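Each of the two complexes below includes chain A, the first together with chain B, the second together with chain C.
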Partner chain A sequence: MTAQAIIQSLASGLLMGLLYGLIAVGLALIFGLMDVVNFAHGEFLMIAMYVSFFLFTFFAIDPLLSAPLVAAALFVLGAVVYLLVVRFAMRAKANAGMVQIFSTFGLAIVMRGLAQFFFTPDYRSIPQSWLGGKTISVAGIFLPEPQLIGALVSILAFGGLYFFIHRTDFGRALEATREDPGAVALVGIDKNRVFALGWGLGAALVGLAGAIMAVFFYIYPDVGASFALIAYVTVALGGFGSVFGAFAGGIIVGLVEAVTALVLPPSLKSVGIYAVYLLVVFIRPRGLFGSM
Partner chain B sequence: MTITRRDVLLGATATAALVPLAARGQTSEVVIGVIYPFSGGSAQQGVDAQKAYETALEVINKKTDFDLPLAKGEGLPGLGGAKVRLVFADHQADPQKGRAEAERLITQEKVCAIIGTYQSAVAVTVSQICERYQVPFVSADNSSPSLHRRGLKYYFRAAPHDEMYSAAMFDFFDAMKKKGTKIETLSLFHEDTIFGTDSGKAQAKIAGERGYKILTDIKYRANSPSLSAEVQQLKSANADVLMPSSYTTDGILLVKTMAELGYKPNAIVAQDAGFSEKALYDAVGDKLEGVISRGTFSLDLAQKRPMVGKINDMFKARSGKDLNDLTSRQFMGLIILADAISRAKSTDGEKIRDALAATDIPGEQTIMPWKRVKFDEMGQNNDADPVLLQYRGGKFVTMFPPQAAIAEATWPMK
Partner chain C sequence: MDKTFAARRRRDLIVAAVLAALAALAPLFVKDVYVQNILILTLMYAALSQSWNILSGYCGQISLGHALYFGIGAYATELLFTKFGVLPWFGMLAGGAIAAIIAMGLGYPFFRLRGHYFVIATIVIAEIGLLLFQNWEWAGAAMGITIPVRGDSWLKFQFMRSKLPYFYFALVLCGLAWFVTWWLEDSKWGFWWRAVKDNPEAAESLGVVVFNSKMGAAAVSAFLVAIGGAFYAQFLAYIDPESVMGFQFSLLMALPAVLGGIGTLWGPVLGAAILIPMTELTRSYIGGSGRGVDLIVYGTLIVLISLALPQGLVSLFSRSKSKNQAKGATR
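Up next, the complex of A and B:
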């Protein structure tokens, strides 16, 4: 194993990790806001990839340009999902947790089925885009441009989210609703509006990730599943309720995965992720940056 | 397109419910179960397979002039012209669902035989259920060698398995070496279910016997979000030949990641699966000029046997795709199975089994480059000669073995 191979693995792991972080942040945001785990998170990612794919196929819009459009579309989807599904699931008096789990889980299955029905199960990919297949090579270390841009977008998006939550009125309303959903009504904050905004934001973030991934990943109705699983671990590792934890968790997961694949047979590379997760839960059950 | 999709999802249950019970009991209709992934990650294979089976069904149930068993007449002559009906079931690439669906097909749908399954891992459980109920199972497109070595009485496979395919690859390497090409080192890259594992084992074994050095043998996790660490290792090893055994999704990701990490091997010789799929070449075909994949089928054969081209046209009208390695085997599998049922003159499992065991179809009466179809005592057809195909200018060209070849191999691939 050469030093170059190690650096390459770490670089690939870091780029992938930033993307995992971007995917997980949306999940963490929704959970932090209203204690609901969105089991359709991977399907949001899948839809985003398809939107990006169709914008490219029919309108020749490069995924790099369409990323904001995809994020906007996903924002609407997220808000609609909240207003049409989650809002009602939250009203359940008995077994509220279960109702929420099954409603988003069911939604995931419906979305997958609809995608297969309308888009066919064929594997798609975007063949020629501005970044597709391009790579920067620094001292023998290869950094694929789509992943580099993805990492950059991920950092910017996280920065933007952080600013939004801590520096804007809407962000403060978000925080306040999260602290005490009952009390905010007294100061004139519409809880449903804030929740819908939270869902929209969470979906928009995963939408960004999907738009960028569409350049270098294959697209099919089940594509969200493997990423969603990693996102759940990432959120749990980083700490439930912490957006920053989810982002840091993503980077850790990416790096751990890369290192594990270096030292163990690659078929065992996810073992590393879960081992680290178990270790964290063992030492710090609320996750690395969890506050609850 | 929409209608067939609906067929996939609802067809199996709906048709079964609508057909009156009485009609099902009569032998005017012979029901065969078809188990494939119609949802989930490999759903496209199931959808394509359904088109292949429907094409075979048309040949069986309608009068055509092809030189294939059952093609000339209508229905099964041994059963008074009874028509074949297919019941499709979805196993979602899950061996346990495959087991349950096989049981349902046998007990509820009263199928007299089952054909399937794309994934070898699912064929394992489906064939076990068939064995228990004494219902013949035809493994149309599974390639794991371990499948037929379990001593099952009701298991049949007309197509080659991965040891035969791998042997053909090494025969090809030997022949290339004689001509002076340097082929000494190999990188194996295979996924971690029964298909990849068996394929990797077979290749490692033959490589050892014939004196090729394996520089790296990577077993990776199927459907991984990233393959960069794996490709990094392949790149460091930089063997003379890269030998992948991957399904479509991983194949696409592998080729994309190889390009991203600046790894271009001298030659790729693939164990079919993803590397025979149109979707893979649509996605990354530009990076695969000169890739070699094993196969059992080649459209080149249409030059010698015109019916291959005509059947391809029938299939293409349904699916919009050319027949490939998988769909051709699925087509042939149903013809062979229906022929046995007709010769058995019965829908009784044991009689069909005996008829299958007595099958002897000359290669010219198939759409494959095989010598013939004749099963050994394990249910394996050892006369199914594999071919090696090279991807050139957007299509596959047969270049090995010499008797089937229409062109010389381009080596190295770039």
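Up next, the complex of A and C:
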């Protein structure tokens, strides 16, 4: 194994890790806001990939350009899911954790069923996008363009989110609602509106990831499942509720996956992620950046 | 409806005995193999869900990784049978014991985790198990193991001509899981578990050994689920990692209890009796098109039921039950 090969896989791992971070940030935002894990997160990603695919197929809009449209579509989906399902799940007094898990899980099954119904179980791909199949070579290291753009989008989106949470009125409302949903009502903040926007925002972030990933991944109804598990692991690794933790967790997960793929057969590449995750939560049960 | 806890327990036992006797007679009337198959699966999932309910319902440690124990039961039985000629009965017990030991070994780190951290850790550990079995050449890797046909015999627990022996075994397993739950409900452990579920800190301060009681729940739960896995492997006569350790089993085990009523004695049985026939029927009548209509129906029902009845279907039947339970707990 040459140094070149190691640097190459670390670079690829970093790019992939930034995308994992982008997928996980939305999940962490929703969790941080209201303590709910969205078990349909992978299906949000899947829907985003299909939206991107159809925008390309029917309107010839390149995924690179359609990404904001996809994010907007997912924003609506996220808000609707909150208003139709999660809002009621949060009212459960008995077995609250169970109700959240199974209502969002049931939703995931419905979304997969709908995707199968409307789009068939066939594998689809976007054949000729602007970025598809192109690579950039830097000092002998090959970087695929779609992943490179994905990484840039991820950094920009995270920066934007960070600014949004800490510098805008709505971000402050978000933060206040997170800290005390009861008290914000007294100052005229509608909890449901804030939560719906939070869900929309979380879904829009995963929408961006989906639009980019549609360029270099096959699109099929079950595609979300494997990424969702990685996203849960990423969020838990970084610490539930910490948006920064999710982003950092994504980078760690990408790098660990790349290193694992160097030493183990490709079919075992996820084992490295899971092992590192278990190690971290056993040492720090609240994840790397999770608050007690 | 002013029954004491002890009277309710006696009544539960009688109802269970009557139901089991009626179920045992069912094959006299049900000759259709397709329907028999549904009955067997219903009993198996009732047993699995009842076992899952011990750790996740009574003790409150929500596991979505019980497929690991199911797969271990299946693999232990079939590896011992095909590689060493050990009879499935012993393989089944070995699988149960291995699963219980692994569950306790995992308990050391896992039971420090709270809430979603615990749930995700259980999903991850089952996923690791799945990946390892998919890559373990000696155990057949992703191709799995085809169980050689040795004819109809109770000794080898293999039946080709009729499904009825499987039906009776599943009935016994379901009865066993129910009885163990019934028995534990009124034991020291049962009370400890409910205390741990409601408030671990308070339980600890009152002298409940929280950690040990979680360990006990994990071991019993894993043991029974592994027996179910061993049964399923013999029943299908073929196993591969995805078909015995896939995430869907973790979910299918949890759903009947969630639907029927989590942490209740009758919830898993009631949930399985409704959910499994419904799953099988939607799959064969509207799922055949491969267009996912069965998924849509199934998923919608899960969402609606978990939102409308957070305490499960048993809460419809017995409004007084929770009151009695509280009385029993404080007597």
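The working rule: the second predicted complex is superposed on the first by the 292 of 292 C-alpha atoms of A that agree within 3 Å, B and C clash if a C-alpha of one lies under 4 Å from a C-alpha of the other, contacts with A are read in each partner's own complex, and residues count from 1 in each chain.
The criterion applied here is as follows: a residue touches a chain if its C-beta (ideal position, glycine included) is under 8 Å from a C-beta of that chain, and two chains touch if they have at least 3 such contacts.
Just so we're clear, the structure is a prediction, and the values are computed from it rather than from any experiment.
Novice: Should the pairing of chain B and chain C on chain A count as a clash or a fit in the superposition?
Specialist: Overlaying the two structures gives a clash between chain B and chain C.
Novice: For A:282 in the superposed arrangement: first (chain B), second (chain C), both or neither?
Specialist: second
Novice: Could you tell me if A:53 is touching chain B, chain C, both of them or neither one (first, second, both, neither)?
Specialist: neither
Novice: Check the residue A:133 against both partner chains and state whether it touches chain B (first), chain C (second), both, or neither.
Specialist: It touches chain B, and chain C stays clear.
Novice: When the two structures are overlaid on chain A, which partner does A:5 contact: first (chain B), second (chain C), both, or neither?
Specialist: first
Novice: Please indicate which partner A:266 is in contact with in the superposed arrangement: first for chain B, second for chain C, both, or neither.
Specialist: The answer is first: A:266 touches chain B but not chain C.
Novice: Taking the superposition on A as described, I'd like to know which of chain B and chain C A:227 touches: first, second, both or neither.
Specialist: first
Novice: For A:125, is the partner it touches chain B (first), chain C (second), both, or none of the two (neither)?
Specialist: In the superposed model, A:125 contacts chain B only, not chain C.
Novice: Determine, under the contact definition given at the top, whether A:218 touches first (chain B), second (chain C), both, or neither.
Specialist: first
Novice: Scan A:116 for contacts with chain B and chain C and give back first, second, both or neither.
Specialist: both
Novice: For chain B, sort through 3-11, 111-119, 165-173 or 201-209 and name the stretch that clashes with chain C after the overlay.
Specialist: 3-11
Novice: So chain A touches chain B in one structure and chain C in the other; where do those two contact lists coincide?
Specialist: Common to the two interfaces on chain A: residues 112-113, 116-117, 120-121, 221, 265, 267-268, 270.
Novice: Quick one: which bits of chain C touch chain A in the complex? Just the residue numbers, please.
Specialist: Touching chain A from chain C are residues 62, 64, 109, 112-117, 119-121, 123-125, 127-128, 131-132, 134-135, 247, 251, 254-255, 258, 262-263, 290-304, 306-307, 310-311.
Novice: Enumerate the contact residues on chain A facing chain B in the complex.
Specialist: Spelled out, the residues of chain A in touch with chain B are 1-2, 5, 8-9, 12-13, 16, 112-113, 116-117, 120-125, 127, 133, 135, 137, 142, 144, 147, 216-218, 220-222, 226-227, 230, 257-258, 261-262, 265-270.
Novice: Which residues of chain A touch chain C in the complex?
Specialist: Going through chain A, the ones touching chain C are 31, 37, 85, 88-89, 92-99, 101-103, 105-117, 120-121, 221, 225, 229, 232-233, 236, 240, 265, 267-268, 270-271, 274-275, 277-278, 281-282, 285-287.
Novice: Please name which positions on chain B make contact with chain A in the complex.
Specialist: Spelled out, the residues of chain B in touch with chain A are 1-2, 5, 9, 39-44, 46-47, 192, 218-221, 223-226, 228-230, 232-233, 236, 248-249, 252-253, 256, 259-262, 277, 279-280, 282-284, 286-287.
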